[in-house]
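Next, two complexes with subunit A in common: one pairs it with subunit B, the other with subunit C.
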Partner chain A sequence: MSRSGRIAIVLGLLACAVFMIVWVAMNFVGSEPGTVSYLTAQAPGAPVHLVMQTDGVVGTGAHPTWVSYRIQTPKTHVFVHTALVELPANSMIDVTIYQFDSGSPLRNQFFGRVTGTIGQVAKLNGKTFKVLNSYDTPNGQGVGHTFTVPSLNINVPLEGNNTSKPTFCTKGPCSPVTQEHTTTTFAFRTPSFSGNFRFQCFIPCGAGHYAGNAGPMQTLGYMGGFLEVRA
Partner chain B sequence: MTVDVAEPEAAHAGAVPPPGRAATGRPAWLGQHLGTAVLAGVGGYAFGHYLGNLIASGYVRVVTAAWNDVAIVLGLLFGILGWLAGIGAFNYALAKLAGREPVHADDPPNWTKYFRYSVEHKTVGMQYLIMVLIFFFTAGLLAMGIRTELLSPTTHIYGPGTYIEIVGEHGTMMMMMASSLVVGPLGNWLVPIMIGSRRMAFPRVEASSFWCFSAGYIVILSALALGGFPTGWTGYAPLQNQGSAGMDSYLLGFGIVGAGMILAGFNIFATIVAYRAPGLTWGRLPVFVWGMVTTSFLLTLATPTLVVAIYFGILDRTAFTELYVNAHGGSSYLWENLFWFFGHPEVYIMALPGFGIVAEIIPVFTGKPLFAYRIAAAGMVGVGLLSFFVWQHHLFMSGINPDMRPLFMLTTELISIPTGFVYLVGLGTLYKAKIRFEPPMLFCLAMYFNFLIGGITGVFQSDVPVDVTVHGSFFVLAHFHYTILGGLVFAFFGGVYYWTPKLTGRTLNRKLSIWHFWTMFIFFNLTFFPMFLIGLFDQPRRVFEYASDLTTLNDFASVSAFCLGASFIIFIVNFVWSIWIDPKRAPANPWGSKGLEWQTPTPVPPYNFERIPVVYADPYHYGEADAPPVADLEPANLAFASAASNGHRAAPVVADAD
Partner chain C sequence: MSDDIESQGWTRAPAGPTAGTGARREPHHFRRLFAMWFVVSLAGDLVWWFVVGPHVPPGTMTTQARGAQFDFNVLFLASWVVVSGVCIYLGYAFYQWRASRGGPDPVGGPAASSNVRVQTIWITTTTLIVIAAFIFGTVQLILPQGAGGGEGPDPIWKPTSDKVLPIQVIAQQWKFTYRYPTFGGMETSTLVIPADTWIAFHVTSIDVIHDFWAYQLGVKADANPDVDDVAYVHTSGQLGSFTVRCDELCGIWHGAMFDYGKVVTKTQFMAWGSRTERANADNTKYLPPFAWTYVPTANTTTGVTADTSGQAPYSRIEKYGATPAKKTVTSPKTTSSTFTTT
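For the complex of A and B:
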């Protein structure tokens, strides 16, 4: 074979290798969930209205049967499958979480307490509470999830949903207008400095996984997420 | 003592098939080769996956987990078996079982032999060489991904899950590669020739070791498609039990590479013990072969522990045996102990071949005998034996019995003594020498420089208080990169530049070789030395975010790492250009070596020697006016030859190979 033929073969193989490397790299780059930004959703200094939902079965993505958070975009009001949200620093955040998943008693009753919110309270379907006794919740449906940000000392238990109702959501995305859910609201203030603050559910809910701590519990964009505070 | 000079059965079974025809008489492309291995592997995976779904799709854990570990494990297992069957690894055994004579032929005299199940040790060596480079460059690209993410503490290319996935994949692939980096290519290619043997002791075992190793590449790479694994290369339980489907790829991939390591080690050890030429006493053994003896010893005895640990892990994930789950009566310490009982000898599986290479090469370029040859051999044996008694220093911070810490601190510090032997042998050889700064020698000198830093920081870390301080930080990361990349990989490239004229009959471009050396040496140090500081400033390993005041140091390390990566492009260009595109015939003995391998013609003929040589001396009598000949390649007077061997071995009965 001539030298030019050999060079052509090498260049051809190189092109294939580069294509494969770029293709794999793009897969990695695009593999993480997107971030919903609330940085410019309101006038400076005004409270941020953060709206989220928890779906028992997310219905889309790589793991359609997993439990997951969804976050509403501030402008189009669409629920996006992610758990990364950008928030302005030193701001009041009014949070609304629509809970579509079923509930159970807590393994650790400590996570039934509300902490880190304004007034150390939250509202369940409009009623203020400080503690949810997970064996005797107001609607008798246990606790579905907790919204917990350890580094900000925030913990809010979210009461479970009534699975016997015909409008119970069996597959996301779920609708807070037409489908059965509980609504929890609370407020907290973001720190004055930038930082990424992890939040997760403290009820092991990776069903089918060792001790429930794997799968969605350890995967970003499902039950693990970040409050990305920007100064 | 009878010396076996018989040719492998393959030699009797068939001659070289005519061009384009396999041994069976069919067209060669209809025979067994890489293509059939891929097809059978894919078929095996599909069958195993189907079987796993049949067995376990109803398990509660499977229904709710969104994947089926049983199906994935069986898929990968049958995929590996299919791969091995497709390449022809089972042909011999199956034919014997069926009572038929196996059909086998010598390698075809063209490049297609590298894509087949060859039992020719030189072909297997070249197969290994290409495969370890593929491993190395794949894992190297992942390292570039790691350093790209670490350019900024707050702006992310990917998230923490993907980051640990890439870190784990990089580490595991590098460890797999490094454990076979020298034994695979250079060990298989050179050992029979250096000991005057016509063959390996177990050629089919040798071939199987390579095809297990290459299967491991595909299996571990499949982890990327299955969601990766969150444990890093150490695979700690209970995270191992919690990990997603990529964890199955880790376990199967490491398991099959481990099987290949055992096969390779066993074969090389047996070959060196039983197939040395007459007169090649242990006191005359080339020091590179001493490196191979000790490495093979460790491969054979330490790696089964890894395979057992992996077997337990697979059982935990598929049959829910919970052997590593504390809450259910198991123990995560079991994995940690089994893994590191393999893992620390593994460190020396990676270091000893490098010692062997540099000790083999530096006498050639200093023109002096190897200083304290017996001390070098004793040092390697000492390192090999002591390496089984240090593993718990990896567990200082795990909550083990504190009373065990001083013991393992002491054994770890002890191992620096035989390591120092090997080091001092090198320095003694360099003392007052007129050094020829050829590319192989440059890499060897760099290995001593790098390993000094890696070794001394290792002694610090064996000390419990220091280990407690720097554990899990970039300091540890910098230390082991200095020993493995700075030590083994530099020595490997020294060996590649030194032996390529023998392996290929081609000369690598000297100017490009020197460019490769200097860029690799400078940017290696600029990449990893700052990591000692980053570690001392408390940046943890395997975490994608870090304190913003460490940005400058991290950026410096990242840019240096990109330049280090680019230095390997020089090597690839040089290798491909010099070997294939514009080949230049190499001189018969370009470095003026006395090694037995350089006394053979290039290319080395099948079965290496026309007649079994008789060895008279070790190959390190450089600069001696009355240096004895190393060996007689055409021994005519066997009685004389026997006497010349100083009576260390019984008179050889050497049959005529013709």
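For the complex of A and C:
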């Protein structure tokens, strides 16, 4: 082969390698879910009303059958498929979580206890509780998910739903107006300093994966995300 | 070959101001090297032992950590003697036997190609160092009771104290929790331990393989599902916090799987334990009965806890969860997940 031919092959392979590296990098950068910001959603010092939902089937995106958190935008009130949310520091956060997924016993009943919230309590459908016995929840449906922020010691179990109900949500985003769900409310205060605080579900909900802990449990934006606290 | 070398004059002093009046007297290189090596190695070892050594990780919070620190320091002292000797020789050779500008290339004389005496001393010395390190490491692995490493479900060594505090370490993706059979089987997210006490960490997992690494305690034990990996430590009188990390890559939040424990006085520990037991009682009753491995499917609709009534707070480890009559708990969900608490 001539010298120019060899050079052409080398340059061609080099171009392919560069293209693949750029393609992987762009996909990696573009794969991070969006962030819903609650930084300016209310007057300074006023409580933040954070609204979320947990779907049994997210319905969209690369993994439409996975479970996921969704976060409501404060202005348009649309549930966005993400688990990244910006919150102001040193603020009271009033949280409402609409839980649409089915439930089961917790893998570790330790996470049946409410911790880290104001008063160490939460409300399930308007009724205050401290502990959910995941084998004997008020509606008998076990626990669907938990909202847990380990570094802030926040843990709130979210009761599951009956899949046999005709209004059981089978594709997200689900409607808290027309579809079967439980409503859990609680409040907590964000730290006075900036930081990203990991939150995740502590009941393995990656069905079809070993120990239920892969898939959506291992993917940012599904059953794990960050409270991005900004001072 | 040697004739050629000899003819170049490089086994003798190079030509210099004394050329023509006879060869320059060769200095006693070994004495010089020995003197420099002795001073540097002794000074380095003394500085390390008295200044740096007391601060070497993992510290002195437990007997096992202190043992690890001692091992690191001893190995450093030994290695510094070797390293300083090699470096000094290298530097000396670079300087003393360097080529002069414009002169002939330096070559070694006959003694540089083979010296049985030097070779014998070198091989003997290095062999003795390696054997000594082997013996020291083996002995030290046993003397500080396994140095706090996970010793498996059936440790070959157990503390002779009759006041061992058992704590179950439960790893799961992605958080450690801790169960205290001493306090009614309560489970906490905070690891609090008393000073000056033998502690038995029973490390297990409820999903994948993790690793319990309590850094300043000198403890590192694998957390395997359905395995009770035991690691013993004896806390010193040093109070304060320590770091707990997962040291086995276990998924997306592996890097965030850490927390901080605390060593407190015995009085503070008992007060904390009693207070936390009362505060957690409403959830503890729903936990599965205490067992040395954590079987999630052993939960029942009503929940059962181990009977620890009548047991002293610091009973022998064998009494915790072991003395009650054998009790079989069957999972309400699966028929194959029957286990026995002993």
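Some observations on this one:
As a convention for this text, the second predicted complex is superposed on the first by the 205 of 231 C-alpha atoms of A that agree within 3 Å, B and C clash if a C-alpha of one lies under 4 Å from a C-alpha of the other, contacts with A are read in each partner's own complex, and residues count from 1 in each chain.
Criterion: contacts are C-beta pairs under 8 Å (C-beta built on N, C-alpha and C of every residue); 3 or more make two chains touch, one makes a residue touch a chain.
Quantities reported herein were computed from a predicted structural model and do not represent experimental measurements.
Contact with subunit C, but none with subunit B, is seen for A:135 once the two complexes are overlaid on the shared chain. Contact with subunit B, but none with subunit C, is seen for A:21 once the two complexes are overlaid on the shared chain. Residue contacts after overlaying the shared chain place A:112 against subunit C, while subunit B stays out of touching range. Judged by the touch definition given at the top, the superposed model places A:66 against subunit B, while subunit C stays out of reach. Contacts of A:6 after superposition: subunit B is touched, whereas subunit C is not reached. In the superposition on chain A, A:218 makes contact with both subunit B and subunit C. In the superposition on chain A, A:202 makes contact with subunit C only, while subunit B stays out of contact range.
Residues 210-211, 213-214, 218-220 of subunit A lie in contact with subunit B in one complex and with subunit C in the other. By the touch rule above, subunit B contacts subunit A in their complex via residues 60-66, 141, 145, 154, 156-162, 166, 224, 227, 230, 238, 241-244, 325, 327, 545, 576, 580-582. On subunit C, the positions that touch subunit A within their shared complex are 170, 172-175, 177, 187, 189, 206-208, 251-253, 256, 259, 280, 282-283, 286-288, 294, 296, 299-303, 332-333. Listing the residues of subunit A that touch subunit B in their complex gives 3, 6-7, 10, 21, 24-25, 28-29, 31-33, 62-66, 194, 196, 206-211, 213-215, 218-221. Taken together, the subunit A residues at the contact with subunit C in this complex read 105-110, 112-113, 115, 130-131, 133-136, 148, 150-151, 153, 198, 200, 202, 204, 210-211, 213-214, 217-220, 224.
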